[in-house]
Amino acid sequence: MHVTSEQAAAAIQAAITKANEIGNKSCIAVVDSGANLKGFHRMDGAWVGSIDVAIKKAHTAVFFAMPTGQLGKLSQPGQSLYGIEVSNHGLISFPGGLPIVDTEGVMIGAIGVSGSTVEDDEQVAKAGVKPVGVSDLPKHPWRT
Amino acid sequence: MHVTSEQAAAAIQAAITKANEIGNKSCIAVVDSGANLKGFHRMDGAWVGSIDVAIKKAHTAVFFAMPTGQLGKLSQPGQSLYGIEVSNHGLISFPGGLPIVDTEGVMIGAIGVSGSTVEDDEQVAKAGVKPVGVSDLPKHPWRT
Amino acid sequence: MHVTSEQAAAAIQAAITKANEIGNKSCIAVVDSGANLKGFHRMDGAWVGSIDVAIKKAHTAVFFAMPTGQLGKLSQPGQSLYGIEVSNHGLISFPGGLPIVDTEGVMIGAIGVSGSTVEDDEQVAKAGVKPVGVSDLPKHPWRT
Amino acid sequence: MHVTSEQAAAAIQAAITKANEIGNKSCIAVVDSGANLKGFHRMDGAWVGSIDVAIKKAHTAVFFAMPTGQLGKLSQPGQSLYGIEVSNHGLISFPGGLPIVDTEGVMIGAIGVSGSTVEDDEQVAKAGVKPVGVSDLPKHPWRT
């Protein structure tokens, strides 16, 4: 199950609205459940370096079916997944990437936001998920 | 000078409209004059393999300030630029990528479209350029 | 707005002069506001490994419109951007990369220096920026 | 034996002078005999896509100790080195890259030029080699 064209556009629009509301300049990426890019928007004034960070946050969220910040807790020095960021052509393990799960509990994709503090990025990502689903996955194994 | 957020959205929307009109399932990428991604949309049913092709077409058009198909004429076996596709992390040298030039003759970015025949891709790309500029560059040296 | 040929040459020359003054063997890279290479020089005796570090420092400074060392404070273990270095084909987050901002507050590119201690690299980078601009960006959103 | 800092600067300057003379907008790269970047300059108005092509031409000339155009004759469809361009992270096999050989017959590096027709690029490259050496290598095994 994949996020549709319409859902991707709605998620990006909702994220832009939230970013404008809190004064962010964000890059926003939406990927499907295969981690393939579905939609992307870079707001004027957003960092060029945030393009890849936003896309990698979306990748990361769908690759491991969890918010990127949750993965980051496990990848710190001394923790069990230390260094995992070098896999998969580069993961981002700080907040701002969230899975998108539909009403039937199916993960249909993910959103990644970059351009400000990680707290603000996470807030913009949450606003993006809202019109199309939730970010809480049912217990493993989830469906895609 | 860079394509704005509003211009990127308008270009993508116009391209989608044309794609729907002719029954295409397209990936559409817009980059700025530094070849950095500004906007992207993958229509439902478009090939996953077209994501990267569309982005690389936009890269190629801005890298060499010409339609991708024009580069392709020079890169055929026996021609002067044979094999150039391996440069720049991969170029696409068949039609579907077009520069975007504003009313003052400044190249502000490019659009790349992939998902159907190259003739149809080119047509969708042209429709995308229309609301924001032209694809004909003034004589070298152009400005960016 | 992009750093010109003349500005890139002036920045590199000023950096070389400073490097000679303090006995450094530096690699010096200048990129435009789209992070594309404009000028580069490797002084005799500089590490071959510094070529890529200098270029990546320039990339990083322009990607996030800040000195590379400032990003590094946020990317330490336990900090909010931990691990960001894997993005954008590799970022360098220790000192030696600085944005170049013109007199109108427009970021026109960046300089990256590698070859010695990070304090010395930073000093050489600062000397490079001096003849062509400053490194302090006006409040977000800046213009490029 | 490696091209020195002074030689790299002289080669680039001579190439720029020739490019200006014939109205070219060139990217010019100089590498040492280990194919590591020594100097680079992008003239104003040069294609952004030529950055990587110029560097890869210099790589190619030093990798195989021959003018890039000579390699290109062997890499056409049906010829013995068909497809070699995908090796070494990308080779460029059309004219514009030349070895730099000193007065003792030692290959000390190479120059790569991109930005115009391959004939003009080759002419600019030749002008760059002139103040620092020749491009004709003595019989194999050459020395580096």
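For reference, chains read A, B, C and D in written order, and residue numbers begin at 1 within each chain.
One rule holds in what follows: contacts are C-beta pairs under 8 Å (C-beta built on N, C-alpha and C of every residue); 3 or more make two chains touch, one makes a residue touch a chain.
Bear in mind the structure is a predicted one, so any value in this text is a computation, not a measurement.
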| item | value |
| --- | --- |
| Minimum number of chain-to-chain touching steps separating subunit A from subunit D | 2 |
| Which of C-D and B-D has more C-beta contact pairs | B-D |
| Distance between chain centroids, defined by C-alpha means - subunit B, subunit C (Å) | 30 |
| Whole-Å gap separating subunit C and subunit D, where each centre is the average of the chain's CA atoms | 26 |
| Residues of subunit A touching at least two other chains | 44, 48 |
| Arrangement of touching chains [line / ring / star / complete / other] | other |
| Parts of subunit D lying in touch with subunit B, wherever the complex brings them together | 25, 44-45, 47-50, 52-53, 56, 72, 75-77, 85-86, 90-94, 117-118 |
| Contacting residues of subunit D [partner subunit C, same complex] | 4-5, 8-9, 34, 36-44, 48, 51 |
| Footprint of subunit A on subunit C - complex, ascending | 34-35, 60, 62-65, 77-78, 80-84, 86-89, 91, 140-142 |
| Residues of subunit C touching subunit B in the complex | 1-2, 32-36, 144 |
